[in-house]
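Okay, got some structures for you below.
The two complexes that follow have subunit A in common; it is paired with subunit B in the first and with subunit C in the second.
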Partner chain A sequence: MLSYVIFSATTAGIYGLLALSLNLIWGGAGMVNLGLAGFFAVGAYASAILSLAGVPVPIAILAACAMGAAAGIGATWATVRLRGDYHAIVTLGFAEVVRLVAMNERWLTNGTDGLPGIPAPLKSVLGPQGFAVFYLCLVLTILVAVFLALRRLDRAPFGRVLKAIREDQDLAGFAGKNAMRVKLIAFAVSAGIAGLAGALYAHYQSYISPDHFQPLLTIYIFLAVTSGGVGRPAGAFLGAFLVILFLEGTRFLGHLLPGLSSGQVAASREILVGLAFLLVLHLRPQGVLPERIRPAPAQ
Partner chain B sequence: MSALLTVEGLRHGFYGVQVLNGASFEVRQGTVTGLIGPNGAGKSTAINAISGALLPQGGRVSFAGTDITRLPPRERVGLGLVRSFQLARGFPRLSVFDHLMLYGQGHPGEGFWQSLTGGRAGRQHEERLAETALSVARRLKLDHVIDNPVSALSGGQKKLVEIGRALMAEPRMILFDEPMAGVNPTLSAQIAEHLTALNEEGITICLIEHDMAMVARLCDPVIVMAEGRKMTEGSFAEVVADKAVQEAYLGVRHDA
Partner chain C sequence: MTNSTTRRRFLASSAILAGSLALPIRAMAQDGPIKLGTLTPLTGAGGPYGPVMADTVKAVVDGVNAAGGVLGRQIEVVSEDDQTNPEAGVRAARKLIDVDGVSAIMGTWASSVTTAVAPLCWESGTMLTTVSGADSITLLPHEGYIVRTQPNTILQGQKFGEFTVELGAGKVFFMSPQTPFADSQFSEITKVVEAAGGSTEKLIYDDKKPSYRSEVDEMMAFGPDVVVLGGYMPDTTVLLKDIYRAGYEGKMLAFAYSVNQKLVDALPAEVVEGIYTIAPSPAEGSAAYKALTELTGIASPDPYTTQIFDQVNMVILAIAAAGDASGTAIRDAFRTVSQGDGKPVHTALEGLEALAAGEAVNYDGASGPCDFTAEGDILDCQFRYEQVKDGAFTLLKIA
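Presenting the complex of A and B:
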């Protein structure tokens, strides 16, 4: 049971990074990134392939972060004139392209068979139990560090410009702001964080395949950010843990429903997830920890 | 006094209708120049071309000796040319304070690394800017709503925020597109006082206005536009005495 809790908490930490990534770009700059799973996959594959080729794990993880950011810049640069829905559709396409490349470029990704044997740092020294605890601490430390950095950005002048661009990009230009540059930076950082999350996931699982990067993952992260509170890093952080709590919690709830086969119980979880999402949107559309206006400094 | 803004032969059409038809005029340094004329005369389109909201199909705009015809709006702001909008526009969920802060120019703290590391230059600039923002808010009597989102302000307060933001940019010139439209007479008089005060501090103003009493009170010179070009220019008394102006604009107005 304990190892199950540790596993869930580690997964929640990785989801937390994804939620922070989404919150930066969606809550901050107002750009909908439906391709989050794609940037997550880029990071996972980059770190897996590099470390399997003998690159030390920490360097592979940093490289994955950079690869994610580069993919983010590429995807945004290619769509520099697109806004709103159009940009969102392109990001959705990007994630599918990444998944299709992972499925078909066998020389690089081993196709649908996936990549097994991804090095797990210190696992041979710590043993499976020790590794699980160590990795949970590692993920949580990184999560808290990223959270603090993003909260700082959110409260700094950069965050103010970002939110202005979210509200009205053209007007931000009339305020003398270079909206394109700021959006590009925000997207690169957001995609870099998603890449980092992917790398952490790959080294934790030791095995990745294109199946791990389904669009459903992106939906879960949207659920996390929406229920936690869009536009506030603390909301995204909390939302990710709420979603995992709920996803894992429904595992046990299903058995309480009488007369269902195990297959039906598994399916009922997805129904419950959908219901929960509707309920959150209905009862608290602004999320648990909504965006706040920070008061002006005292005169 | 020398021309701060020069517009030469501006041409622009929408769907085959020629809105600007070779408009040429100047705004001299230190003046409050009024832009009047009937609806469809091309006043707003001219302001849009001057501020960069629109790329004119022909002609040239220069500001302080620089050709700005093709510059993006943000670079025009950098040169000291800012504008307000006819329908007060804002960032709905940002506070009045944030609006004012956003218009400060050349803020080093807005850079990504500066914001992340909290560098000294950025923090000091932020503190100075905050002081300016608070004093601008007091001056415009917006200090009691400083933490409110602009979407929660009244129409008149939104107009005042427009003036406040323009001030924060420390501009050389402000373009106002009907700053008093839809505002009650008391507030309208207050806005007029603010504009006069700004002008006395050395800011050149160019404004579009339909309220002739306000134009008479504030503007000298007055440029009359009709059919996409300048018709005449002079003091308010001179232009209202002009027969052609009466026919094209003022006469029509009184008949209506």
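Presenting the complex of A and C:
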């Protein structure tokens, strides 16, 4: 039981990083990134391929972060001028491109077979149990560090510029802010965090394949950010744990529905997850931890 | 929104979080029921197959429990949904292993899910029986914890190759979307065809395109005698129309799961006329197959259902033979009940009786003889060859 809780918490931590990444770009700059799973995949594959080629894991993870950010810049460079829905569609396309490349470029990604045997740091020293605890601590430490950094960013002038752009890009421009540049930086940081989450996931699971990066994951993260509270890092943090709690918690409700076949239980579980989030959105659309707009500090 | 409300909200959510962790704590006593898990796709792409598979396992176990269980203990089946997604599959498998403490996980379907779940199983000493076909699965360092009842793609590729030669093909063109088995299937076909003096060519296409004209042009330029279709039903439907439009008059060979009755009904008769299909053949007419149809009430169960039926029977027999219900005991005893010179048995009940009488058993299943190599692949499997004639499938041979 304990190892299951440790596993779920680690997964939630990785979801948390993704939620923080999405919150920065969606809650901050108001850009919808439907391609989150794609940046997650870029990071996972980058770190997996590098470490399988013999690069030490910490360096591979850092490289994955950089690859994620680079992919973020690449994906937004041409499209950052697009607004709202158009940008969202391009990011959705990006995620599909990543998945198709991963499926078809066998020389690099081993195709649909995926990459097994990705090195797990210190696993041979610590054993499976020790590794699980160590990795939970590692993920949570990184999550808290990223959270604190993003909260700092959120409260800094940069965060205020982002929100100004979100509310009215033209107005921010009139105020002398270079909206394009700020959006590009925000997107790169966001994609870098998603890449970091991907790398952590790959080394934890030791196996990745194109099937891992289906759009469903992006939806889960959107649910996490929405239920936690868009625009506030603490909300994204909490939302990710709520989502895992829901996804895992509903497993144990099947026994309460006697007379249903296993297929029906699985279906009702999906209904339940959807229903819970509908309720959150209906009763508390601003999320559990709503955004707080702080006054700018006096000069 | 004031600060204090937020904090209260936060505390409330934290309390829910903490409380829920305490929810699923259950005793894992040694004397309680023996727990077996199914991890089949109940939703997602595998959704049409998984629920029947899970129900079949339940039905077999109910029968064994009614007859007194195994080792004097009842068996409890825990069914989880892998959502045809390795990420979700791993979460479900962790729950089965860590919370329920199952000694075997049965029925993983998608190759990516099986590969993702496999390390959890061999690390925790849990038996994993699967219906996935990707060759790479049994090559994992699984220490014997993986057994699969699905013929691997090398075996399937050989059968395709041999049959194209039988059809008199000199030039074979292979068309398939990117699947875990496309490459190995093509290389096996090529080996057989080239040994017979022919030549092959392949084309990997995107399985979500609305039209395959350029792909078909490429195929026509090669001038094949036989086209081998490696896709799934939706893309094969589109592809067949374009092949017909292009005026191709050679032979075509496909998996029976893609060119099936549904596809034949959906397309004009002249488009599908004469297509050959190959499928791993369940052991129709065997005693186990008959037992399965009686148990589930399904007249012609799909291959996955016949396979998981065999898996659960063998797992139960392995527990009985080992006198121990742990995953490691199942692994060690598996081949003593699946093969060898023992008395041929076809259901767990029959086998349990024989074991109780001190006899050795050899399980012969609904999917085939169920004999395994040291790596966990099946040794032998029959294949079913059919041809579409006037909108219906005509059996050519089972071999």
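Keep this in mind: the second predicted complex is superposed on the first by the 294 of 299 C-alpha atoms of A that agree within 3 Å, B and C clash if a C-alpha of one lies under 4 Å from a C-alpha of the other, contacts with A are read in each partner's own complex, and residues count from 1 in each chain.
In this section, a contact is a pair of C-beta atoms (placed from the backbone, for glycine too) under 8 Å apart; a residue touches a chain by one contact, two chains touch by 3 or more.
On a predicted model such as this, the values are computed, not experimentally measured, just so you know.
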item	value
Room on subunit A for both subunit B and subunit C (clash or fit)	fit
Partner, of subunit C and subunit B, that touches more residues belonging to subunit A	C
First (subunit B), second (subunit C), both or neither touched by A:R151	neither
Touched partner set for A:E270, first subunit B, second subunit C, both or neither	second
Subunit B versus subunit C as contact partner of A:L242, first or second or both or neither	second
Partner chain(s) touched by A:N178 [first = subunit B, second = subunit C, both, neither]	first
Partner chain(s) touched by A:A296 [first = subunit B, second = subunit C, both, neither]	first
Which superposed partner A:H212 touches (first subunit B, second subunit C, both, neither)	second
Nearest Cα pair across subunit B and subunit C, whole Å	12
Partner subunit B, residues of subunit A touching it in the complex	149, 152-153, 156-161, 163-164, 167-168, 170-179, 185, 189, 291, 293-297, 299
Subunit A partner contacts - residues on subunit B that touch it in the complex	51-53, 72-74, 77-78, 82-83, 89-95, 97-98, 101-103, 105, 107, 109-112, 114-116, 118, 122, 126, 130, 133-134, 138, 143, 146-149, 165, 169
Of subunit C, residues touching subunit A in the complex	1, 6, 9-10, 13, 16-17, 20-21, 23-26, 38, 42-43, 47, 50-51, 54-55, 58, 79-81, 83-87, 90-92, 94-95, 97-99, 110-113, 115-116, 119, 123-124, 134, 136, 140, 178-180, 183, 204, 206
Residue numbers on subunit A that touch subunit C, as the complex places them	1-5, 7-8, 11, 100, 103-104, 106, 111-114, 116, 128, 205-207, 209-212, 214, 216-217, 238, 241-242, 245, 247-249, 251-252, 261-267, 269-270, 286, 288-290, 292
